[in-house]
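To keep things simple, chains are lettered A, B, C and D as they appear, and every chain counts its residues starting from 1.
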Amino acid sequence: MAISLRRARTIIRKALEKGREMGLKPLSVVVLDAGGHVQAFERADGAAPGRFAIAHGKAHGAVMLGMAGTAQMKRAEDQAYFMAAVNGVYGGKVIPVPGGVLIRDRRGAVVGAVGVTGDASEKDAECAMAGIEAAGLQGEI
Amino acid sequence: MAISLRRARTIIRKALEKGREMGLKPLSVVVLDAGGHVQAFERADGAAPGRFAIAHGKAHGAVMLGMAGTAQMKRAEDQAYFMAAVNGVYGGKVIPVPGGVLIRDRRGAVVGAVGVTGDASEKDAECAMAGIEAAGLQGEI
Amino acid sequence: MAISLRRARTIIRKALEKGREMGLKPLSVVVLDAGGHVQAFERADGAAPGRFAIAHGKAHGAVMLGMAGTAQMKRAEDQAYFMAAVNGVYGGKVIPVPGGVLIRDRRGAVVGAVGVTGDASEKDAECAMAGIEAAGLQGEI
Amino acid sequence: MAISLRRARTIIRKALEKGREMGLKPLSVVVLDAGGHVQAFERADGAAPGRFAIAHGKAHGAVMLGMAGTAQMKRAEDQAYFMAAVNGVYGGKVIPVPGGVLIRDRRGAVVGAVGVTGDASEKDAECAMAGIEAAGLQGEI
């Protein structure tokens, strides 16, 4: 199952909407496919210019490793040099904190990931989940 | 003048719509701000996974050099080694063909760029222009 | 609001002057625009050859993240692996310590950043602020 | 002999001034030292954001190879793949066209280089020479 552009749009809109409802700073949201490639992205007005790379790094690391942001953060806390090395291996495109959320199909296969950045990592992840659920998909924080 | 997310969405939707009307292959469309940073991106269903980087390279080179895709292509045809060197200088993020379209404000200042990829370069550029015009902005192909 | 070259020169001159008044080691000062691109740079006689990259990294990280050097340093102290990953994401161009000072306009929007390096980070930041204030702008350390 | 910051400023000011006198597009000018490291840089108002990298690439290639822009261009025309490989070897930081001007001392030793970009390459080089001569130094186009 691929994530259609229609669904990617729903994920992004709902994640941004959730951020506004929660009173968060302006968010940036990316949706990647099962190969870790960009499907869609939006950066809210007022967000810093470099936010694409952060959102992307969260989602990209999640797909590449098959490990969501929370698990990556735990690994980074236990073994910082390992995640630093992973960052190098993937050309810098890994941000190992919450806000990188895996999308799984009904059988549990990873079909993509969402990356959200702009506020505290846990709140970023909450917004990603809101988007994923609005699209009728299952997320793993 | 910055390009708001609302306008970036209009540009992308209209560019994709134009592509469908013209019967083109599935397009990918990126909108960059005046600093060459990603504002929004969408990849139509059926487009190849690597299309983000092509759309981005078209628009990024245009902003960085202040030179739209058509002018870059002419330079590449006249002096291929120059555009090859420019590609190196910008870390590979330059695709010197039409489809990288500058957005200018009323005084002529560059406020961003649109990158479209997926079909023939000239047709890609035509779709970028359709999006820019729908957003009430002025494009330079 | 863009930072004119005239203002960038004022910032650099006053920052260098402040460093001499304080008896600091030779400083290097960069001014970046709102997109993180170099507007002007000067390296005082006697400064080490690699100081451009340090000054640039301080200011570049600040613009890209919308977070000044002091806030970046706090984050690095709380969560070192996060700032290490951010460094990777931005191709190494991030130095998360004071001396990377954001410039904001009257409404609070980031319009650029100053990076100063050469002496202790806090003193570097003080010189950046002296330059920014001399140019009639508002800095965030 | 090192190029003092005072001299670097003179070079930049005079090169920019020459460009205005000649009615050229807004220029960007970098001065590098004998090790190829940035001493000073200014980007005129209205120049595209990515001009630092182009000016730098012109001057950096000149110092690294000990070969000014005109000689590099000849080599690129004769043997494009060689200059493409040189670009790769130096991490992309080489633009082999006029506007990268070597600075030599009285004995002929290279003490730095000036890189100018913004208009036609030959005109860029003319402005670099104007700056170098105003500083009492000897340039090689």
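Methods note: contacts are C-beta pairs under 8 Å (C-beta built on N, C-alpha and C of every residue); 3 or more make two chains touch, one makes a residue touch a chain.
The shown structure was predicted, so the numbers you read here are calculated from the model rather than taken from an experiment.
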Winner on C-beta contact pairs when B-D is weighed against A-B: B-D
Maximum centroid distance from subunit A, chain identifier (CA atoms): D
Gap in Å, rounded to a whole number, between the CA centres of subunit D and subunit A: 43
Whole-Å separation of chain centres (CA-atom averages), subunit A against subunit B: 25
Centroid spacing, where centroids are CA-atom means, of subunit B and subunit D in whole angstrom: 30
Multi-chain contact sites of subunit D, meaning residues that touch two or more partners: 49-50
Topology of the chain contact graph, where touching chains are joined (line, ring, star, complete, other): other
Chain-chain contacts as defined at top: A-B, A-C, B-C, B-D, C-D
Contact set on subunit C toward subunit D in their complex: 2, 4-5, 8-9, 33, 35, 37-45, 49-50, 52
Subunit B contact footprint on subunit C (complex, rising order): 33-37, 91
Subunit D partner contacts - residues on subunit B that touch it in the complex: 34-36, 63-67, 79-82, 84-92, 109-110
Residue numbers on subunit A that touch subunit C, as the complex places them: 46-50, 53-54, 56-57, 76-77, 80, 83-84, 87-88, 91-97
